[in-house]
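Across the two complexes that follow, chain A remains constant while its partner is chain B and subsequently chain C.
Take a look at the complex of A and B:
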């Protein structure tokens, strides 16, 4: 069983490679087609034409596009994504420095979205056929209308500005030092035994994570509800009732277990989207993750950095999708038997 | 087709949504007549004034002013114009590209279907936010660029969903009958397949309108949207975010405007889905 799952994961990862190659090639072509000259940008404004030409040659910009791509790809495989024009540092190092903060935010948001989605889905299902159903239904559409961008601003307004109970800028209070071990500030602060940093980081994480979690929970709610509807038509539900089980036991013990499978697959796709949703939330809360770095790079047309970050987002989303697929097989006994 | 259309118009969801959209659209169309000030008109002597009903408010600026002394109400109204233009044209473009490819893909199948399918796969492995940001770097700012970016990102939504619908419709006997009657492929698609996929298409468009409004707001918020000279809700939010303690209203009002517009389009989509989808409508859900 473990072996089959492993082969499956391996196969999925192999299938992702051609997609990644095409994605990186597309990214490369789009960014090279821009009316921006990376050579001229990486030199001081008073550089002569000859100097720019020399820099172009040095950066390989005078070669044909396919050759440039192969050079870039060879570097990328060794973890060398070129140098950021504005920061004058390796683009790969910049991404590596900000990725942990983004992952931390995404994981917190996913947990929250999962909990809210599960609770909300069960609630939506429980009110079926009652007077509350249209109300709950309308409410879920209303919630579905609020994207993470708006949630971020609404929460910032309510808890940060109006009630002033939570901080809404940065990842930790400005007077506290940021420990640099793994980059995951929650983990690092505990490792060095600084509880004050840990608490402050948690407080700073609440609003951004809640904004993302709230934005993605309605989809999970609605998927779970319709899966529960489907499952309730099955014979074993009737059987469980005939055995005298309480409605609560039927729902939580039997229906939920089977409804959670389709929910997981459909919600899994959402988690990939959620990860890229961190970008906006980071910008709103000035959270020092990859999203803010990306916006910074985009504003300054920092091509090598845009390329490195864009590719990182794609890789993470592909990995999440692969993980969800594999989890589906692990959890689904029907697929396990072959 | 008269049946579902009438049924849709009787649905309270659709009616409420259409009323809301009509309201926002008339703000957009008659912005010049309704707005008390020009959208770019600055009054540096009246910066960040609160709304007229609060302490320190000025009746000249009913909803207050922003950090450059521009009238918030007027900018909200002109912002509706920007939002509505994007909400109308972007889904239209995405629908045209997406549905043409979906019909070709689902109807002909085979190699064409495979190629289009892989294209969609590759496209969708780019997270939408990232892809639109990268496109905006290349396209530059401006309302037409925002529309183009949304079209280039979101045609896949239409293509993927419609393709499976086309696949189902194409298997029906009446499509084969049309071919036997001597219809060309083109005629069969336009006269037999398209009418059957139209309800889904309309629903998708209304949902895409909501998405377009949000994407425009996001791009303008990040500063890569319609450009500084064009008033947009996202820009107002970005400006208000910096002065959030001095004038919280400036943040709240454009958020509310976006929320209202997005809810209206989503409600329309939901109402249309319930009334236009024959299977759903018959089940009474």
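Take a look at the complex of A and C:
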């Protein structure tokens, strides 16, 4: 099985190369089509036309678009994404500084979405045919219709302002230091043995992760329920019942395992969407991640930074899809045989 | 060996985890209550190089970590700071300065005229593209006479150099530290001479300041100040409401009015030295003076103030704010839609046959910018001006202006922390500067002449005349004096500055 999975990962990673090239080229062309001049914006307002022209030459902007792309790509392969116009620092360094916080948030949100989705899906399935079914249906549709930023505001006002039980600004309390080892504050705080920082970081993570998780869990719930409906028509479910297994055992021991495969595929796709959903949630909760940085970059038409962040999002989504596909092979014996 | 997690064990684990998370009160601070304060701030600093970017919102943070050669008191009067005394030559071509001899950087190095020369001359000449190069463009040389004495030499009269030394970006940095440690290290571990040291910095998240106990001036009252970057106005409101921050700025006016009614909070709407104006071009449809003046007469500024700033933003007739030297108390430009129609009629325009113009605005650059622009478009429509509203990014403004691509009118907000008229109308109407789209020889020459007047009284009188002349000719359309909103815990006092600064070093628990 390990060989099959490794082959799949290798194949996926190879396939990712042209995808990345296409996405980066598209991103590059779209950003270059915007009516902004990165050379002029890189200089102080009083820069002369001659200085701007010199900067344009230095940045390679006087060359044909394909050549500009090749220059950019060559830099990107060396980890040089250019300099942020707004921060006047290396765009790659800014992305590297903020990416761990976003990954941490997205993973926490996905775990939460998975738990809620699984629990909710099972519940929806269990109440089928009862008087509770329309109520549960309505509730799931209601949850589905609330986007992540609205959840962000609702949770902030309920748990942060009204009940005052959870903090909602930043990633740790103001009087605690932020350890800098890997950038993943939960991991770093445990590594240096600061449980107080770990607890504070968890508290600060709860609301933004819940906002994202709540927004994405209804889709998982509904897919799981419909998958369960499908597998319940399979013969092996009837056979399990005939063997005298309890309904609970049939559901959790047999149906759930098979119904989870399409749910897992969906969760993989959702994770990509969820990752981009961090943008607004990070701004609402002042979470120092890449989404927050992207909003700044867009507001300031900071093209090198937008490009670096855009490409990073693409890489992360491709990696997630590869991981999900591998997991799918692990869970589905039919694919291993093929 | 197999491990089975029983339901009871799982519950116990979950409860234990929840208890440990709940045990630490989320908003609790390990510090004594009066030893720390947290400010909810809307923007991060663009860089820790204080000379690099002119960003008004970052000035209070820079002023905590760095010092300026000259400072301003709360009424914006220029006062000595790192510079103990200064004297300008009568021709305006030089300025002798004497620095304090008791100033040290946070790393213990003494601040001298070498640092002053490095900051205001050498860095600008070294090819670094710093915004401060603009304000120091007349500096030809800085002749060092001793560690505390130097003379600034200018290539043309620089009567407003003292104001510039207290303006955006004018912060003394350490020559030795930057040259030995390198610029990148300086940006990561900045060293200034200000009342606070930078203790921690998390990009887009928080800035932790710790009191510098060897500070040469009055020590900061609160040993540790955390600036929490909260970009979303609703989140800033929630943060102050819930007690997660002790003070915050730039919250919506309606929220300020609500906080005014709540016990435990103090809320203020303070007019500041920032002008909201409409920049005009001197050509296209605005080549016609009737159209320009009609556009100005058609705007009900009091209504804009009431609608968007709770009536706290003062309607302006000139490009200066009340209390500053260039402000005219005896001149007003009236809201008169009938006169606007009459002026347009002279040029054969009417509501039925409107003059078409372009109107650019930002959306979210300053509070209610887009809404103000929409309201103005409606006011113009009523008199016969059909404005095509275009949203532009603030970052694009200079590029568009440089290429003469701005439309006839642009809504703009101009900050002038010094209050000096040169930095109001002098900059806004100077055709050689990148700020104004008004490119006209008549007004341009008047402005350029004022830049070389060394006598203070003559200079101010000249600007007062210029402001009136510019408005009467439709070259500038000032709208409102901008406001800053502050909500704080009642027990937390601060010093109010006329330019809206909220300085961490002035905070004090009562």
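One rule holds in what follows: the second predicted complex is superposed on the first by the 338 of 338 C-alpha atoms of A that agree within 3 Å, B and C clash if a C-alpha of one lies under 4 Å from a C-alpha of the other, contacts with A are read in each partner's own complex, and residues count from 1 in each chain.
Throughout what follows, a residue touches a chain if its C-beta (ideal position, glycine included) is under 8 Å from a C-beta of that chain, and two chains touch if they have at least 3 such contacts.
Given the structure is predicted, the values throughout are model-derived calculations rather than measurements.
*Asks:* Once the two structures are overlaid on chain A, check if chain B and chain C clash or fit side by side.
*Replies:* They clash: once the shared chain is superposed, the two partners overlap in space.
*Asks:* Does chain B (first) or chain C (second) touch A:31, or do both, or does neither?
*Replies:* Only chain B; A:31 stays clear of chain C.
*Asks:* If we overlay the two complexes on their shared chain A, which of chain B and chain C does A:59 touch? Say first, second, both or neither.
*Replies:* Neither: A:59 stays clear of chain B and chain C.
*Asks:* One more residue to check, A:150. First (chain B), second (chain C), both or neither?
*Replies:* Once the two structures are laid over each other on A, A:150 reaches chain B alone.
*Asks:* Now for A:8: first (chain B), second (chain C), both, or neither, which partner does it touch?
*Replies:* After superposing on A, A:8 lies clear of both chain B and chain C.
*Asks:* Let me test your reading of the model: by the given contact rule, A:283 touches which partner, first (chain B), second (chain C), both or neither?
*Replies:* Both chain B and chain C are touched by A:283.
*Asks:* Of the two partner chains, chain B (first) and chain C (second), which one does A:142 touch, if any: first, second, both, or neither?
*Replies:* first
*Asks:* Is A:301 touching anything from chain B or chain C once the two structures are fitted on A? First, second, both or neither.
*Replies:* Both partners, chain B and chain C.
*Asks:* Decide which partner touches more residues of chain A, taking chain B and chain C as the two options.
*Replies:* Of chain B and chain C, C contacts more residues of chain A.
*Asks:* Where does A:97 make contact in the superposed view: on chain B (first), on chain C (second), on both, or on neither?
*Replies:* Only chain C; A:97 stays clear of chain B.
*Asks:* What is the contact status of A:310 with respect to chain B (first) and chain C (second): first, second, both, or neither?
*Replies:* first
*Asks:* Among 4-12, 22-30 or 40-48, indicate the stretch of chain B whose C-alpha atoms run into chain C.
*Replies:* The segment of chain B occupying space taken by chain C is 40-48.
*Asks:* Residues of chain A that sit at the chain B interface in one complex and at the chain C interface in the other, please.
*Replies:* In the superposed arrangement, which is not itself an observed complex, chain A uses residues 153, 156-157, 160-161, 283-284, 295, 299, 301 for both chain B and chain C.
*Asks:* For the complex, give me every residue of chain A touching chain B.
*Replies:* Result: residues 19-20, 22-23, 26-27, 30-31, 33-34, 141-142, 144-147, 149-150, 153-154, 156-157, 160-162, 272-273, 275-277, 279-280, 283-284, 294-295, 298-299, 301, 306, 309-310, 313-314, 317-318 of chain A touch chain B.
*Asks:* Tell me, which parts of chain A touch chain C in their complex?
*Replies:* 35-37, 40-47, 49, 52, 85-89, 94, 97-98, 153, 156-157, 160-161, 164-171, 173-178, 196, 199-200, 202-203, 206, 283-288, 292-293, 295-296, 299-302
*Asks:* Would you tell me which residues of chain B are touching chain A in their complex?
*Replies:* 121-122, 125-130, 133-138, 210, 214, 217-218, 221-224, 237, 241, 244-245, 248, 251-252, 255, 258-259, 262-263, 266-267, 270
*Asks:* Going by the contact rule set out above, which residues of chain C touch chain A in the complex?
*Replies:* 20-24, 26-31, 36, 38, 40, 44, 46-47, 49, 52-53, 129-131, 133-134, 137, 187, 200, 202-206, 208, 224, 226, 228-232, 234-235, 238-239, 241-245, 364, 393-396, 398-399, 402, 433-435
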